[in-house]
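As written, the chains take the letters A, B, C and D, and residue 1 is the first residue of each chain.
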Amino acid sequence: MQRLWDKGTPLDERVLRYTAGEDHLLDARLVEYDLRASLAHAQMLNRQQLLSDEDLAAIEAGLQELGEAHARGEWQITLDDEDVHTALEKRLTERIGEAGKRIHLGRSRNDQVLAALRLYLLDAADSLEGAADAVADALEALGEREADTELPGYTHMQQAMPSSVHLWAQGFAAELRDDAEGIAASRRRISRNPLGSAAGYGVPGLPIDRDFTCEALGFDTVQEPVTAVQLSRGKAEAGLVFELCLLLQDLGRLATDLLLFYTQEFAYISLPEEMTTGSSIMPQKRNPDVLELVRGATATLQGSLVEILNLPAKLPSGYQRDLQRLKPPLFRAIDLSLDSCAIMEKLLDGVEFLPDNILLDPGIYAAGRANRLVLEEGISFREAYRRVAEEIRREADDDD
Amino acid sequence: MQRLWDKGTPLDERVLRYTAGEDHLLDARLVEYDLRASLAHAQMLNRQQLLSDEDLAAIEAGLQELGEAHARGEWQITLDDEDVHTALEKRLTERIGEAGKRIHLGRSRNDQVLAALRLYLLDAADSLEGAADAVADALEALGEREADTELPGYTHMQQAMPSSVHLWAQGFAAELRDDAEGIAASRRRISRNPLGSAAGYGVPGLPIDRDFTCEALGFDTVQEPVTAVQLSRGKAEAGLVFELCLLLQDLGRLATDLLLFYTQEFAYISLPEEMTTGSSIMPQKRNPDVLELVRGATATLQGSLVEILNLPAKLPSGYQRDLQRLKPPLFRAIDLSLDSCAIMEKLLDGVEFLPDNILLDPGIYAAGRANRLVLEEGISFREAYRRVAEEIRREADDDD
Amino acid sequence: MQRLWDKGTPLDERVLRYTAGEDHLLDARLVEYDLRASLAHAQMLNRQQLLSDEDLAAIEAGLQELGEAHARGEWQITLDDEDVHTALEKRLTERIGEAGKRIHLGRSRNDQVLAALRLYLLDAADSLEGAADAVADALEALGEREADTELPGYTHMQQAMPSSVHLWAQGFAAELRDDAEGIAASRRRISRNPLGSAAGYGVPGLPIDRDFTCEALGFDTVQEPVTAVQLSRGKAEAGLVFELCLLLQDLGRLATDLLLFYTQEFAYISLPEEMTTGSSIMPQKRNPDVLELVRGATATLQGSLVEILNLPAKLPSGYQRDLQRLKPPLFRAIDLSLDSCAIMEKLLDGVEFLPDNILLDPGIYAAGRANRLVLEEGISFREAYRRVAEEIRREADDDD
Amino acid sequence: MQRLWDKGTPLDERVLRYTAGEDHLLDARLVEYDLRASLAHAQMLNRQQLLSDEDLAAIEAGLQELGEAHARGEWQITLDDEDVHTALEKRLTERIGEAGKRIHLGRSRNDQVLAALRLYLLDAADSLEGAADAVADALEALGEREADTELPGYTHMQQAMPSSVHLWAQGFAAELRDDAEGIAASRRRISRNPLGSAAGYGVPGLPIDRDFTCEALGFDTVQEPVTAVQLSRGKAEAGLVFELCLLLQDLGRLATDLLLFYTQEFAYISLPEEMTTGSSIMPQKRNPDVLELVRGATATLQGSLVEILNLPAKLPSGYQRDLQRLKPPLFRAIDLSLDSCAIMEKLLDGVEFLPDNILLDPGIYAAGRANRLVLEEGISFREAYRRVAEEIRREADDDD
């Protein structure tokens, strides 16, 4: 592809490329959602006597055919289409004629874009919640498989207290379930019907029924007042991506632990061979690339969040074209999160702990012993602790 | 004075300063919360037969006196204290002797720090929710005061549709209420009892009752398993600060609109004189510094969020001292958000719109006229729109 | 096809997709640079008696043909290739047989990847420097065209001092030239020869000549010691993208000014029609989408920088696979910066100021008048200023 | 301290607190620089016949006394002063009467603030450069002390190639020297004289000599045109803090390596006792808190950079009060960087490697052996590598 600054590109083409950006590629995933939102809007118009039964029937049939044809790969959004909405409107009018244009009554590009995006995000949130829970399941299964394997409990990367693989895995599983809950909670800002807000100031002079499209599309509420709709742009998106940041942070920390356990010096675990890659240098070396890439994904999520938070920052109210730039970081964050969950779930299935290599420092039982002394002899913890420390020192000396 | 982990080694002053950082200043706000958490812990120990009635009575009296003395400014946390927890333990033992040390049974610095912080955060979240709602109230009052004032509805910073001050103010009010809801929802991750998780691996050998302290302190749930407690560090903090980012973003965009309206070229509003500052250059000039500083606060919040998200990123599980660095950005974000809400609430009380200066482009009624034509004549919106556009052009020509 | 580290284990497709990511698409731009680096490496091997003349000749011919074929679109990197380096090695061996494998002596994937990337970045930095300078040129031309147009000088978005379009344009031009200088200065970290560092620990046992490849490829210095090479990953990348952040920030602020000037309330400028887009709502409305998208690009650059800075953060030394994730934000930042410069350069060519609409507040001459009083009457500035302020008030009263 | 939202605070007080922020505390470090800039300005005025010899003498004496008194702690900037500039002007006039006001001729708060800040930044950059170099020195000394200690060279956290403590330390030292060079290069944007730009539009009607103050203060160039001065706000600040980000990133990665080496499982190093802290749980445990806090400082630097980059983003040209918010993250980043360098320098002096615990995997010599085979037998690297791999497998079998 030629860049904008190549000499000889006509100006219109340059402006189109700059303003359309990658929308024609990104929007493929929105086709089915724009179809659903358009259908609900048409049905509402018909109920409100703003669209005839014949036109509605033609629109319904046309939209359904377009959706099926897209799913079969028979057409794609092109750069000239600019985005999914123009692509669909153009093709619908080609198929069913004038009726295709009547669907534009009582809506604007601004509420249409947002309706499709939010419907997609609701589905994405469901998938992401499931993906996070699946990693939690895999962790719990690992904890069960290794129910008898002891593990040092670390603080400051130093052995501190007795723990177990089971307890370690349960801790991460709890955080992943917390992430799944957070993703579910982010639906609050997504599940609001923007249809009927039009360009951001409502539809003067027409009896639009926002409740009907709200129910038809499964949104929780109608977003009110209409001026709030464009003001809220970026907040629902940021809300979801923030939760994905936490999710990837938890996955990244899980990866860090596993990378540590997988060093030759720890040697606490083995990884499934399919999850490691060979080296061009050492025949016996198997590199844990997948875990490194999961750890690195933390950075991509944080970058995406910063990008999303920055976009609406300081903008005057009312729709601004800057907001179009929300899509790339949003889709990037969603896709990478889904992929990272899927690969970690699979990887965890193959992790095996090597109990023979896991050596617990005797000192890590000191606190427990001191606690028991307190119970048995009624002395203070400080006194008990002092006595245990002395015993441990003596035992260590005996070992020498 | 001895720090908890002191074993007689003379400590290099530089290391103390580097490791303690600003904690002795930051922790002033945590005194009352550490007292509450310590009290609940002592009561639990007593109930579990791990602390005598006399010791409990001494501890209760001692903690209460310390709290009152701190509120009266009679003592402060010093650098040598290092942090609020050591400061209190030291002073408690000075007052009541050995009993003061018995409170340390069954807890560790790690769960103690977190308990105090979360109790503080619950209070802070309440204040922040109230502060955001108060700005929404002020916006709604402004909308009522200016109920009859028309305003252009902008898209792309261009006049697009008819709107009103009422609708404009309601849109921002709705977003601020949404922010308040978001802050309230962030309590989910805060309101979890960490007490009993100790260093992160529980309290072996002692019959600790985590449900008792949970109820006594008003937490929603006991955080389980114990290994999740330290893994979750930073997530509740980030959750609250993320919501504050959205809050400040909304305030910042409100400031942007008002700054635009306050230019001599728009001249849509006047600001209360106390809210503007004079210029050393132009006598008649009144600068809207408060609004600029609110707009700039967006940046501070985003920076704080990035700092908080970065801190736990990629860390191995188990407590790490890096997490101490969470406090400065957290407190910074909370304080600036409270102050920014308070000042905006006051400023909005004094905003007056100047209807004579607000001129609506006649073209912004075009969409409404087209909609009415559709209703009256049954033609398509495209056709109606074409006719209205023609009429507007004719009207504009007549004006010339 | 076999990946370099393949030893016959059938690779799970998911792992390949996750680990290869989008490299096969991203790496298209690196083909020519990997060819150049490979050629220089082969010539060095030959000089050092590690590659025969026949093998070198075969390699040279093979690499050249591959490059030309790629430029003609005859082959592309596929997902199975994984990245540009495997793609080229495989195709070279297909063409010239065993000799194709001999090029791998004395280098590793780690230094090879970095050599190609840095050569690309040096070219990119040149283009970016030129693109920033071209915007500065367009600004200076605009300043010349509008040499006689007065403009208020604003502080706090309030008219403060007399200024001119010329001075306004010169200010932005100076900052863009400063950005260009910054981009040029970022070459310092890029222009270092990594070849010969191999996996990060040099090439034991072989007489590699790092100076030869340094000179052949036009790098400024050989990066020493070999352990610094992988430690420095991300720093040169961040250095360039940081400068692009500043560049886009300047472009974004320029866009903000123009968007303000383009409002109906200011109406200081007109924009070329090709640079605005129509509205589906108001016939006479022309939206300045290009400027909004440039303003929004600020966010994408900041997000990219955060992503790049985060990737190497906290990693242990030595190559880690996380670093592969540097490429997407790096290329994204470069492409968007080039495109934004190109479109702004074109847009500025068509900006026209509308002097009739630019009204300067009489008060903005106060400071100058006071200065002149000081000169003429030898009084203090404070006294002069007081007198001028009084005169202005009187003049304003006379106008009423 | 009471917060703004406390009921009962009069409005003026609230506005003052919000607008002044922490400037009265932050500005203490700027006193000496504002004095120097004021002195140079007064001398220029005198040379240009705009200030009498007597007034200049009074100003010189007054400024010097104020500086000395401040250094002795006899006065401090108060909240009522608002910032360093008002504090000095007020006190100067108290001391020397009317002459104190004459210094305000031909300058504005905007260029005065910037002059003091840049002079401070030039000094800060020098200190930071020295601090980074001192860490490099300490690393090189460590490399010398441990000249004979072997270390595995890691990739993917797996042993990959033979290396040494010397080579490891040299790699980090090279990066720290690179950071020092980066800090020095950031002076380019700092060392520009803003004096004479006044509010951002120059000093109409007065024969100001910007070259004189430039030379007197040691700036490299006069910043031209005057409109560029305020446009450039934040760029020099960001430039320095960006370099500090890289510096802290390198320190953080050094800390990560040392934390890994300090685990009981690696046990490659011991740390000086003064640099570790005891545990309340395990008597024999010494925690590496300093290293963890250095690792965590990465996050603070990144947060500061984001805050600084965000502040000027999207602002219209001309001075805006938002820019006042640049100081806290700027000073925070500088102070933390200096402290972190100082503590790491000290810590490195006491690091000792424990060669007995450092076990190199025999496989890490494979690449070197293959290279030697190529040299000796003229076979390809692939063939040599295959043979070595086979030998290693045989040797490993013999060990069993």
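Assume a residue touches a chain if its C-beta (ideal position, glycine included) is under 8 Å from a C-beta of that chain, and two chains touch if they have at least 3 such contacts.
In this text the structure is predicted, and so the values were computed from the model without any measurement.
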| item | value |
| --- | --- |
| B-C or A-B, whichever has more C-beta pairs in contact | A-B |
| Remotest chain, chain D as reference, centres from CA atoms | A |
| Inter-chain centre distance, chain A versus chain C - centres from mean C-alpha coordinates, in Å | 29 |
| Cα-centroid distance, chain A relative to chain B, in whole angstrom | 24 |
| Between chain B and chain C, centroid-to-centroid distance (C-alpha), Å | 36 |
| Residues within chain C bordering two or more other chains | 104, 155-157, 160-161, 199, 260, 281, 287, 289, 292, 295, 298, 302, 305-306, 310, 313-315, 320-321, 367 |
| Chain C residues touching chain B - in the complex, by the definition given at the top | 155-161, 259-260, 262-266, 279, 281-289, 292, 306, 310, 313-315, 361, 363-364, 366-367, 385, 388-389, 392-393, 396 |
| Touching residues on chain C, where the partner in the complex is chain D | 50, 98, 101-102, 104-106, 110, 153-157, 160-163, 167-168, 170-172, 174-175, 178, 181-182, 185, 188-189, 198-206, 224-228, 230-232, 234-235, 238-239, 242, 245-246, 249-250, 252-254, 256-257, 260, 295, 298, 302, 305-306, 309-310, 312-321, 367-369, 371-372, 374-375, 380-382 |
| For the chain C and chain A complex, residues of the former touching the latter | 3-7, 9-12, 14-15, 17-19, 21, 104, 108-109, 127, 131, 199, 274-275, 277, 280-281, 287, 289-290, 292-293, 295-300, 302-308, 310-311, 313, 320-325, 328-329, 335, 338-343, 346 |
